[in-house]
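The structures considered in this document are given below.
Each of the next two complexes has chain A plus one other chain: chain B in the first, chain C in the second.
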Partner chain A sequence: MRVGPPLLGLLAVSLAARPLLPAWRSSREVLAPPGTAHPLGTNAIGQDIALGLLHATPNTLLVGLAAAALATGVALAAAGLAATAPPTLRAAILRLVDALQVLPAMLVLLFVAAFAQPGLAGLIPLLGLTSWHEDVRLALALIRREAGRENVHFARSMGASWSHCLRRHVLPAIRPALAALYVQNIRQVTLRGAGLAFLGLTDPRLPSWGSMMQEAMDHLYTPAWSWLLLPPALALTLFLLVLLALAEAAPDKDAAA
Partner chain B sequence: MSGLFRIALLTLAALLSAPVLAQEDRPLIITDSRADRGMLAPYLHTRNGIAYLYMTYVFDSLVSQDRQGRPAPGLAASWTISADGLTADLQMDGRASWHDGRPVTARDAAFTFAYMARHPYPFVTLKNVAGAEALSDRHLRITLKSRDAGLVSGLLTALPILPEHVYAAEDAPERFTAPEAATGSGPYRLASYDKAQGRYMLEAVPDHYAGAPKFTRLMIVTMAPDAAIRALRGGEVDVISDLPVERAAGVEAQGLHVVRARSGHVTKIAFNHQGMFGARTLRQALAQALDRLAILDITAPNGAGALAETGYFQQGSPWREDRTDPVWPHDPAIAATLFEAQGFARNGTGRWQRDGAPVTLRLISDESQARVAQVVADQLEGFGFGVELRLMERTALQAVPPGGDYDLLIASVSTTGDPGDIASRVTGDAWSADRYAGDGRIAAALEAARQAATPEKRLAHLRAFQRLYAEELPSLMLIDPVMASAHGGRIALEFMPDGARIGIPTAIDKSAFLPE
Partner chain C sequence: MTEAPAGIRRGRAPALAMNLLARLAVLGLVALTTFALPRLLPGDPLQAMLASDHAQSLSLAELAALRERLGLTAGWGRQLGDWLGDLLRGDLGHSIRHARPVAALVAESLPWTLLLILGAMPVYLLLGALAGIRAGRAQGGALDRGLTGLVTVLASIPPFVLAILLMLGFAILWPVLPAGGALPLFPSDQPLVRAGQVARHAALPVAALALHEFARFYYLARAEAIGLSRRPFVLNAEARGLAPLRMLADYYGRNILPAFVARMSDSISGLFGAALIVEIVFSYPGIGGLIYGAILDRDYPLLQGATIIVAAGVLALNWLIDAVLAVLAERG
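So, the complex of A and B:
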């Protein structure tokens, strides 16, 4: 996947830099405006906003990339199973997907998060396992299209197993579409994760762009909104724009290759 | 010509007097930032102090309070307590009447005691009352199981008296929502209540036995602070009952009146006494590991709070002994020594361990204390503890049992009002109580205070309690938040020193609306 390297690189850099960062501690400099000591100001408990952004970046990226990978992987596995399974099992898988699609994922997320208040390790499976069903039908259509091609028929007639065919013939053919699905999922889970943090439903000590925006809500009627809300909102917007650009560029490059 | 002149003069006089009449006729409008407080009847209002306070505008109790919070005649014009403290004889005020015109009698009061024993009302406890009997229409006798030094300033002040002719047939008062449920004997009658808008209109009872209220109508409206400040500036409302204290200076700068006071509703760290903090030394060590002054400066800057006293009673409380409680100053070195003496040791990274395992403290709270909880967690991490912070829904927090899955709990607790309730707040099992048993000395001091024969002896026992509390630290008091109200000058407001009625920190107790 061509979208992977730049995102993984960004994640690796932010993760590698994190141990070098000072702890994001509270201080008596409460709601200080941007200045020389604090380039982006401080929040309501005196934490430096710029430092908070640096702490929040790997968390936000990691949640987005890992939860989207989980969602895409589970969707692909379910679609692969449905494509190769007997009709009864295929019908059961598709009815399960239908049932999950009827249930709004955000409601499930809110319900679970309100009880569990997940941290980093909890957010990734929670977001991933509430997003996978949306991709199953598309992935199934792609797999069935590729599985119906002559190269797969030849391979099957020569004795190749379904798993071999999926691995060697189908997956390489649908990789560009999977990349697009993955990027779409990153965007979706990042927004959902930010939404959960914005509602205060994640671990209160897990810095993320969403939780930083949530902290700004108490100060919308004071001048502090500008340095509390804009930096994390701009970071999130920039990240989503980069994802969009990557999503548009990736399939063309793959196709050309 | 003279006729025309006379008409012109009359017209001019009418025009000039019109604004004055309109001003006097206008209700006193009070804003409240919280939505609906429920119907203003004892079993129907929401379970918080302000809702209780609004209810007292409609329902009087046997004993009232003056503007300084001292006991004053209410429905009972006078009272005497027997030498053994077990019998109270009260003479009812013969001028008192219900809002439907019937007289208030001792039978109503006796009925209320019996009714509330059958249908408990959360703001009073009657477990020490053996019985209440109407010896005549004017004479009420209350018999206690044991002496209660706080009978007058506690129970008799808190208990709203119900009309027997309205409530006698009601077996489920919490479902009795007819307008008659708000038939009280207070200085105001409930004229209208809009649940959706959280709006109340109250009309004065002109022949109230304590005198005609100063304002013919009171209106309580729900309004967010910013809108309320604009409305007060524009003269559209008269009182902001709960002004955010950080906005107080700005409101004063606009020429409006602001009154402030320490609330006595203290933010504290409660310990799980069934865990490691059952040891007093560790509670004292933790108190010195934390920088309470920094917590105050960060979470309540610019005078939004004061450093809490560690001996339970806060500055301004009439029950507090004017002495310096141990402040447990921030001293990481002493704290470390105390932890080490209890078998803790630091590893190479400075992280505390016990029995070779890193120590992680489980800190729980709710969203209202999120900032304090985060700063406390920061400080504990800085000192070398791992911290697992959970901000829970209030109902989930209330369900955490004593000895539950936590080490530290940050909560707000009232330290105001009659001290008769302190035992439940210290040794009780409620989520915001200290849940403390210790060696029994604190419980003994409180019981001695409850049964004290004279006010002086009661005070002496309460002072002993204060000293014990500051040493034993059932909870570590952190911040005493400052509360503020604003008004436009139509009324003079002050906070009562020890809170109103049941210890509610407010400037709009009903005594403010009654003649002195």
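So, the complex of A and C:
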């Protein structure tokens, strides 16, 4: 099963549907339980939860897809550089990547987000650039496996450059594995992005599932927590499970091994 | 006989030194970021410091004098040099909110974080190993399918949601455990009672942390057990009808140990990240709570200092584990 079409389709549908949705306004019906007027209830300033979920969907998808694409791209570039570099440079890159991996991503995210309060445009580079290093070793192993094959040797002996070989011989061969890696990255950045939003460190004007869950924290001692917390939590968990199923269904699974 | 190990040792020491160098480079990067980021954004550290109500009546001349005294008028290079010098001398600055040295605050909160991590570690390692081995030995059976499905769902629930659900379940809807903090308002003087209080307060955060890490080690143990259950020596032992406990401990347990140890060294950063979130949800006074409080109070010196210390601590710990593993591997 191809990974791209279903995800991009979901993103396109949710983006296209957003102009059709009514605005996410506050109302006098504060903390109303789920009922006929508000199928999932309302929050502390009277906004409809179901409508909020729909408004937040394209943001979550967009951040996940774009940040993961950035992370996978940077990882691939670094791996490509390491694959074609002389051994000392390669060793230096790998050691740096290893050391970066030790640094808790959440620590860096908290620090940067505390100063910048990123919106949509800030979250994508922030999440992408704090996730790429986890994939470099895997991408390098894939590239080196493919670069050792006969077709590449042949192309090299015919005078093809490394960049040509990478583009025309290595990349097409590792595409399925990269797709699985990409889906894993979406999971990772979505979880981290939701964590940041939950802590209130993203732009407050950006509706997201994570920030909706934050509102539940003030209402844990009243029944309102159930309709404030559970709908966004279920939406997020469902999305992550769908991603897992997509990664499992990807044709080339040795990326996960 | 002595020749070979010496050769390995010669090969390891430079590698470890290079690893240390790379970690120092990353730490330098972190320090540079913590220095540069607040200065790249609008406003200066002084304005952030004076963002409280009672400090807003200062005149412009007083502000300029204060800026001069704090060394903020010097160029970036000078400021960076001074700051790095302080850092190397162990001076991490003063927290504005707490009006105390950052190092003291961090030293106070670090034990709480370590308590959570060290409390959760045996729980998720043991449970992950036991459940994973059981599932992996009967791969495809009802238990394996049910357990793996459950763990898959568990792994897709964000850690803070798990923490909130635990808090709701055991502290609010069914209030058997405290919902937050590390000690009651008036902690007991008697050490034994006090230890009990600490344990009660740590139970839920530890459970949340253990639940979060459980999935990772469950999958690992399951994969290893699937491989092991097909190996001849395990099949032979199975046929000999060894006691189940002996099979579990000597045949499976011992053989998945190396994989577990290797994964633990990788998972330290993830563990710290999860501990940060769990502490924030449970308002636990560990390093995560300290950092989050610093963010909410806009206490930037504290935020900078705590970030650097945690980064340095995690990098050092990981290097130490790697070094110990390398030495152990050398001994065989």
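Simple rule for what comes next: the second predicted complex is superposed on the first by the 249 of 257 C-alpha atoms of A that agree within 3 Å, B and C clash if a C-alpha of one lies under 4 Å from a C-alpha of the other, contacts with A are read in each partner's own complex, and residues count from 1 in each chain.
In this text, a contact is a pair of C-beta atoms (placed from the backbone, for glycine too) under 8 Å apart; a residue touches a chain by one contact, two chains touch by 3 or more.
Source: prediction; values computed, not measured.
Please indicate which partner A:L244 is in contact with in the superposed arrangement: first for chain B, second for chain C, both, or neither.
Touch partner of A:L244: chain C, not chain B.
Name the contact category of A:A141: first (chain B only), second (chain C only), both, or neither.
neither
Applying the document's definition of touch, where does A:Y221 land relative to chain B and chain C: first, second, both, or neither?
Once the two structures are laid over each other on A, A:Y221 reaches both partners.
Kindly classify A:V30 by the partners it touches after superposition: chain B alone (first), chain C alone (second), both, or neither?
Only chain B is touched by A:V30; chain C is not.
Mind working out whether A:A91 is in touch with chain B, chain C, both or neither, as first, second, both or neither?
second
Regarding the shared-chain residue A:A114, is it in contact with chain B (first), chain C (second), both, or neither?
A:A114 sits against chain B and chain C alike.
Determine, for the superposed model, which of the two partners chain B and chain C contacts more residues of chain A.
C
According to the stated criteria, A:A44 is in contact with first (chain B), second (chain C), both, or neither; which is it?
first
Starting from the residues of chain A touching chain B, keep only those that also touch chain C in the other complex, and list them.
114, 221
Considering the complex alone, what residue numbers of chain B touch chain A?
Answer in residue numbers: 226, 294, 297-299, 301, 367, 370-371, 373-375, 377-378, 381-382, 387, 389-393.
Could you pull out which chain C residues touch chain A in their complex?
Per the touch definition, chain C meets chain A at residues 18-19, 21-23, 25-26, 30, 33-34, 37-38, 41, 152-153, 156-161, 164, 167-168, 172, 179, 266, 268-270, 272-274, 276-277, 280-281, 291-292, 294-295, 303, 307, 310-311, 314-315, 318.
Across the complex, what residues on chain A touch chain B?
My answer: residues 23, 25-28, 30, 44-46, 114, 117, 200, 203-205, 221.
Given the complex with chain C, which residues does chain A contribute to the contact?
91-92, 95-96, 98-108, 110-112, 114-116, 191, 194-195, 198-199, 201, 210, 213, 216-217, 220-221, 225, 229, 233, 236-237, 240-241, 244
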